[in-house]
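Presented below are the structures under discussion, each in the form of structure tokens.
Each of the next two complexes has chain A plus one other chain: chain B in the first, chain C in the second.
Moving on to the complex of A and B:
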């Protein structure tokens, strides 16, 4: 079959959000386009069905990457990894965002790639989504009929399946302030330090009072059909004393809720093994003896 | 009702010169530079954002020209490898020449642009390796590229971390 040519594609260039939402509501086959770091690759490799792109870059309401409201951080759908790396306030309050941002591709990708694009691209190997999930991010979706928010950890339904209607646009990512005194963890395992796609990623935080775990978040990449918040593992940990018995139980819970596969980047067995070791490393680093 | 565009006229500034081109809105900045404007210094290596050969500066920031669509470059200021040399070679280019930083040359324009950006903004990366990551070279083994950039940094009076 001949590859699709550019003739199969066209572009809407709205300047305002209401224009963009009307186009999404009224036109068929419209695909929102932010930095293009995923869509341009799909387009160039001939793997994209004919469509009309909705170019979000010119939308006036999206130009400021960050805003703060009632102590919450709001990220514009055009907020890039680079924007995040250079914002001192964001780096101080949400350090994991910067940890993840600096490991997405390389500088020339980080300057164009967006967090919102990472969310809707819905790759199980997404590097931006896990840290957003750790911080209890909410996805704001808007259409001509209204606005709603969905917790990011409930946004995915299956492989590349999302709680987003075709007329809805991601118009913001909202992050509440995370708890004080938490111990954070982020580790991406890939064949190289940069410009590499994740084999296994584990990130989270743990809040401890003495040796008891008050609260925690554990999120993994590349071990399930979508970015996985390990709720079972979290519930084992929450309220428990952080000791070797708890760690053992957490490992077992983790093995029960991940479902890694063999693919071109790794094997299910390797991913299970590494996921467990990352959990170990996280929990040991958060244990009273380490602090 | 607004019609989607399958052609648009863009105004962009490339290496200081303002240019108008009429292209498909999803045409790649890479093709605009090479085919429309005739600046063939920027190379296509992989065409899918992996190799860094097409790195250019857009509004002062490194981007991959193969992943940047025309509809997002209207009004932009672009600097390509052709924009580095003025009367003489840029010190980074001179150092690449002296140190053997370029062999086959495909990665060189991307390396030069990334190195140029790093020496202008050393705070953008932890070290030289991170700054040049994503620019793949299959000839040099990178050692001579790193020594070229270090030599240029010294001549330009820029301090960059050792490792």
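Moving on to the complex of A and C:
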């Protein structure tokens, strides 16, 4: 059977959430479409099977990018990187969102691409997912049969496998307030400054009282089948004194957790080495001596 | 026409003021406003879209082409090799690849063509076709080709070989205090013009073929298509449409693509057929810069005197001869640099492999051989304990010196001045010292600075221009304006502005009254291809001479007197143009003292050279092993600069492209074809990665054969940046030389980590 061509695609344009949810529940082969910055690429390369798009752009309930409730930030599924870059409150409370948003594609993509799309696209090289994980984001999923939330850290199960049923829409991303006085880190390593797919990414925060690490988050991109929260490394760090011994142990733990591969964009060897060097750079920058 | 005419060198400093002015590009407004018509913008009442059925295997016989189910094949136009009316081979320098192969030599080779008016259905149909090949063993590297595995061309897989010798190399080595050997490699590079390859064809079965397309060399297409349809060349009309970049990539490939579109049209009874590649197909099948491997052995005295040079320069040509022999020639003729070398033995070979044929790309073989030599000299300087600039200074050629080709330098050149100007602008001496100190203290970031000095010959190599015998013309139009007729295309490099300025300067009229005729083989004379940095120096001179003749006739026949005003010229021109076709032509005549011995590869390889020095200032991040260029200085000597902004733009763009060559651009091949054939995965630097580039021009005392003593610059900036960047990276890394570009972070990491490991 020949592969799909543009003739095999069509679009639904729901105006309300319940309409969208029923279409998703009742029709076959429906694929949610937000900014389309991932889907259109897959379509163009001929790797998308025939389907019917569910265009989320017109849904009334999704139009406001942000809302605040009990000190938590709620991002709409249409919230774009640009929305994040231009919102002062968000930038002050969650600076890593802005750091990541600035390095996604280039301005045109940042205006169109959404955080929710980045989550569901589930690329191991995603740049939005890691910082959301650092902030303990929860994903709100809704279908005609109800609503549930899943911590983003537990959302992925394997390469492009996630805890989402085909009739569920992501209807929000919820971020609790992060701890005060944390030291943050973000570094995307890509083949050029903009318009580039990540080879290795490390982001996180560290909360220190004197020289002891109270808490931390370490999240990596492009070194595992999905965005990796480095829990082993975190647990080595948590409660330890931030010194060269600890850093050495953390680097070793990280090596045990990551499983980078050789592909068209880089090598496993490079990713392994650079991931460890980024961790080192982060921990040194958070050390008492550098403050 | 006066055939005994001789060409005089231009020595005068005096040029009319419009030469050297920043005339805006005549085509600029329509490009910026989007009204310029590129091939895909042309509208026809009805047309078919064409696509190519390609080989999935690198070598073997086509056993069967299966047209799968679910497609209304009777609605399609299909062309198989047997349907070709004339000769099934692309005529270029020699007969090159077949238009449609029955025996394939590389993956992606065209084996059949299909067309339909519904593009979506066409694309679906293409995927329903299976090509079955009886596969044979293939080879994919220079090494395999030289080992003589699977001989597929001649006796030894070598397409072409050249040898240049001078003096006695053994003497140099026995006299030398210092001998150094090195092997240098460069990867393929993709031109990445913004507008992909595309043509539109109408081939009337009555025997007339018309091509509209994005092409650099309209007469090449004509020459290739005439035998394909067994027609005389005048029956093939080729019209260049606005062309969105070429960089050499549209020199030869349009021959094949035009043939394909025309074959489909012919088979469809003369219907218009469009073949416009998308980016993936373009990157997958079109020719790229030849990968190279150069072995160098040098002999020096302790004091840095260059005694001898041995070069073994090898290019991977891919599966067909295409333009490889001339790329190789330019490569070897630039392999010795602007240095006095008493003894030299230079050998060049281009080999066959089952890769997509490699082709023309800005620089045309010179960037590869210059990379090897210039990086090698940096190593020599380091080993001799000399500054790399100092080593060069001690060996620069001067007027009266001789190149290994026997060519004597007749221009009053001062390369030390050229280099010193660049070093000063780059603050080289201070930075070189300061960086070495900083690097000792800073483990996270290492900085380096280094240079290259090089030349590029303008025009076709050797007797090439004589063989071309190009012609250009100028004529009066009825409204009193003047039109330039040439086959040289504007594809971003400034041809239109340059021709306009030259014509206006000679005729003494405002530039607005000069028109440039779109290259169309039915109207313009054959002024040769738009390649080889020849348009300004060679064709510009033809335009200048034609304009002078036109001026003389206008004075004579129109009764104008010297010192006329522009307005007077225009009125006279109107009168004269109303009477009859008023047109003057000029044909190439070689400079009197230029001779070339094709057998011995000795003589005046080029009638003019442009000279340049590049200084690259780089930073290597030791956390990520990423090298970045932080500042770049280029000083250029190209005689008279006709249009400074356009010229500087050419240099800047070339440098950006070459920084890509040095650090970013990696054509990733599997079984001879590019597999990262997408913008996403073929990484060129964007403006965010390109540093400030400082370009300036200096002038040696003028004496050359270009119009108003102008020489070519199109390719020059493709030559020097890569070795300057690689040498600067080596400087940053504490003289750890990596002799292979691109210097991807992965490559730098491998070298640094290996050393860390052995140290530990």
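Of note:
Definition applied: the second predicted complex is superposed on the first by the 288 of 291 C-alpha atoms of A that agree within 3 Å, B and C clash if a C-alpha of one lies under 4 Å from a C-alpha of the other, contacts with A are read in each partner's own complex, and residues count from 1 in each chain.
We adopt the following convention: a contact is a pair of C-beta atoms (placed from the backbone, for glycine too) under 8 Å apart; a residue touches a chain by one contact, two chains touch by 3 or more.
Treat the numbers as computed from the prediction; the structure is a model and nothing was measured.
In the overlay built on the shared chain, the residue A:7 is in contact with chain B and with chain C. In the superposed model, A:150 makes contact with neither chain B nor chain C. Of the two partner chains placed around the shared chain by superposition, neither chain B nor chain C is touched by A:174. In the superposition on chain A, A:25 makes contact with neither chain B nor chain C.
Touch criterion met: A:36 reaches chain B, while chain C stays clear of it. In the overlay built on the shared chain, the residue A:194 is in contact with chain B and with chain C. Comparing the two complexes, residues 6-7, 41, 45, 193-195 of chain A contact chain B in one case and chain C in the other.
Chain B contributes residues 1-2, 4-6, 8, 24-28, 47-50, 52, 55, 61-64, 66-69, 71-72, 114, 117, 124-125, 130-131, 133-134 to its touches with chain A in the complex.
Residues 1-3, 5-7, 41, 45-46, 189, 191-197, 199, 264-267, 269-270, 273-274, 277-278, 280-281 of chain A are the ones that touch chain C when the two sit in their complex. Across the interface of their complex, chain A is touched by residues 68, 70-71, 120-121, 123-125, 127-128, 280, 444, 623-626, 664, 668, 675-676, 678, 680-681, 683, 685-686, 688-689, 744-746, 749-750, 753 of chain C. Every residue of chain A that touches chain B in the complex is listed here, in rising order: 6-7, 9-14, 19, 23, 26-27, 33, 36-37, 40-41, 43-45, 52-53, 55, 57, 82, 102, 105-109, 111-112, 193-195.
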